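Below are two complexes that have chain A in common, paired first with chain B and then with chain C.
Up next is the complex of A and B:
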């Protein structure tokens, strides 16, 4: 007969669940409101989602204060782990989501926003991502990852075009395979260490001096495959352009930011203790992965004829660029990762929102995709302001000073140089130069070419006040990043350093 | 012959490889879902066996969560499959080629 176990409620530290619970309560209240009175306008659900995200952000900022005073907060038998990188990444996740959700208030009617379930699933997805980053328990990471991914597949499919179903099915099959890889990789880690917590696994492995290094490397191969799918590292990137093309532009922009920062944080927790312990094999694999991802996706982006696919390949290249931070693994590079991603989320969401406002209901005659380059030709003559905005986001993505991403790129390349990765820094710089070509190609189309008669009716078809506001916020974030970089860096360094990365 | 942990792990690895080959080779979506189930359940066997041999319960907990996640994954997958079938009348992965480049 087992003795009943008594657990003091205080020792659970339930407060560590607060940010995720707020998102879940938001999702449930959206569902309950729909049950009580159906057929309400989507703006109500957008506002409820925004409200709960704001509360979520407040809770996170509060946790940030507690973290800086008392250090890492543990809860639920050490399953929940609120350290600096968990708090930082959750802030990026929630802010990215807050910038995304007003994009539902389009002037055209879209199928998915008629369902309150869309917003509920969206909030569940955020809770999933938050669970994924705020733990170092392999079980919890798996659950968070899958909660978020399953919600995301549904969100893609709700767009109700045959391309979006195709995208959802492709993403689903890839995601299911990645889940299998993740489960098998963590099984091997469990077999050699008898624990499912990353920090304990690291301690046990260091104690027996990496006796089982062959098995560790095997499990890391599976983990790299699993997170390669989620982070769209080459050669696991094949789904990315198709999925981005098939889903709505707004969701594609969201997918290029929020799921990836969550996966980056988990990759950081998993790989860095091995990189630090001098496991050369993992370093070599990550090195090759980073270089190939950056270079190959840049070359594919050059030959795209559709702006959305070009942006999809460019976001793969940016992910490879940031993955270099995990390879380098110093405090400076990890700080650079968060700085880069914070700046990238503004710029990239702005670029995708520009596609979203120019979204037409049906395909342009004679074109097979929504946003061919020709659609934007001569845009400066018909829509000067929009062309300038799009040009601004493109220049920032290309890393032209003084716009946002330049500072992120500079800091990351600087961290590569200062930890001795000179060749890597050179490759990173060269890739930024190659990437400049395809961003400038769009600028050339917008500013140098003559407008094609009849295409101007496709501009701003989908625009509304809230979409324009989001573009404005993204533009302000991109232009004035130069003033924000220094204080941002101070805060991020404080958080990253104090959580030991 | 006594059955040891190694036997279970070999069984799990063989099943995993069968599932992996299934995911890569199968063009029928339904068969592909079966293959992912085999993939995840192979891991379950290994988790349960390891957990029993080292006397730690967290592996069995992991197995339970994998079962739950596999079930919800199939629920979503079949939902997508049904919509896709209603639209096109096919469940073949090779037919999904409207996007290229």
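Up next is the complex of A and C:
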């Protein structure tokens, strides 16, 4: 007869679940409120979501303090892992979400915000991303990934245009493929090591000196494909522009930030020990992936005629740029990754919000897509403030000092140089220069051309106070990044170094 | 003749596994053969029509209401949850209070989902909001 199992509740460390539970409870309470009294205005749900996200952020900051004092916190049979990079990435996820959710309060009515389910799914998605980063258990990562992805597909489709359905189905099929690849990769890792926890897999593989190197490489091939899809690395990037074009501009901006930081953290956990193990293949593959992603997507972005597609390709290029940090794999480069992404999230969300306020319901005659460059032509004459804002975000994305992303780029290129990747650093710098062209192209359209009659009525058509506030916050984050970089770097270095990356 | 020991507790599981796959395969093959033998082989009208601004609209003879899909989905959802409860019920004493608390949490979440589906009218025929 087996002994009854006694699990002491204290040993579970239920507190490690607190940030995710807050998000889940938020989602459930939105559903319950809708059941109790339907037909409430969307602003209530936005406020509830914001409130729970604020609580979530509070719990994370609290965890940050505990982490700095006591080190990594484990919970739930070591499935939950709250280390520095988990806390940092969750803070970026929650702050990004807090900047995104007020974008629902548009002045025009949109189909998706009439459903409280939109906000509930949104909160479930955040919980999924949080589960994904706060663990090194391959199964838990998979569950988090799928929870978040399935919610995200639905959010895209809720936009209720034929292009959104197309985008959702495209993303779904691609995402299903990626999930399959991820499952295959983890299966092989489990088969050769007998564990699903990444740090144990690393230990076991180091102990037998990578005897099963063939299998390791096979599993890494699957894993690179899976994360390539999620991070839109170049051979797997094909879904990105179409999906961004089909979803609402706000959601496209969100998709370029939050799902990617979650995937970056998992990629960091997974690839870091292999990059250092001397398995040369993986390093070569990552090197090629990074260089091709940066360069090819920059060249594609040059020829786009639609600003949203241009920004989609530019976000692929930025993801490739940041992927270099995982290839380099030093503490300095990993710190650079988080710094870059924190600054990027403000700037990029600001840029996409500027597209969101220009959202028009119907295309005018001769217009091929939602946001052609011509739409912004001569914007400085009709809407000077908006044009300056958009120009600011573009300059920051191009990496012009002293705006936000310049510091991220500088720090990442610096970390590449200091760890001997001189050629890579050169390619990164060259790519920043190429990228300058298409960002400046929009500035040329806005500041040096004459307005085109017909488009001017759409400027700020969708704007409301909350949208303007978000643009303001993004602009402040972009301009005053110069003062925030040093303290931010100190905190990030402390967190990243203490979690051993 | 060699005597094989089949008392291994997993042997039954293995047999079941093989049978499941065998049954699944057999079902699909039989369904394919049967439908090929029994199906009416009319030449489709739509194949022969002139393509002019899209094919001519033909009425589907066997239309299935989407309600069936919704019901099937809900059934699948709540039915699969039951699968988790059987092993829990068998090992109830073994798992102790921890298992009990876990299952109560699970049922609570399920109950919220169930009430949601109910209130949204997903369980009523032809009344989807």
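Just so it is clear, the second predicted complex is superposed on the first by the 499 of 501 C-alpha atoms of A that agree within 3 Å, B and C clash if a C-alpha of one lies under 4 Å from a C-alpha of the other, contacts with A are read in each partner's own complex, and residues count from 1 in each chain.
In this section, a residue touches a chain if its C-beta (ideal position, glycine included) is under 8 Å from a C-beta of that chain, and two chains touch if they have at least 3 such contacts.
Note that the coordinates shown come from a computational prediction; the quantities given were computed from them, not determined experimentally.
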When chain B and chain C are modelled together on chain A, clash or fit: fit
First, second, both or neither for A:31, with chain B first and chain C second: second
Chain B versus chain C as contact partner of A:308, first or second or both or neither: neither
Chain B versus chain C as contact partner of A:7, first or second or both or neither: second
Partner touching more residues of chain A, whether chain B or chain C: B
Contacts of A:150 with chain B and chain C, given as first, second, both or neither: first
Minimum C-alpha spacing, chains overlaid - chain B and chain C, in Å: 7
Touch list for chain A against partner chain B, complex: 138-139, 142-143, 146, 150, 153-154, 157, 162-163, 165-170, 172-173, 176-177, 179-180, 183-184, 186-187, 190-191, 194-196, 241-242, 245-246, 303-306, 309
Chain A-facing residues of chain B, complex: 9, 12, 16, 19-20, 23, 29, 32-33, 36, 39-40, 42-43, 46-47, 50-51, 54, 56, 58-59, 61-62, 65-66, 69, 72-73, 76-77, 79-81, 83-84, 87-88, 93, 96, 98-99, 101
Touching residues (chain side chain A, partner chain C) in the complex: 2, 4-7, 9, 28, 31-32, 35
In the complex with chain A, residue positions of chain C that touch it: 93-96, 98-99, 109, 112, 115-116, 119
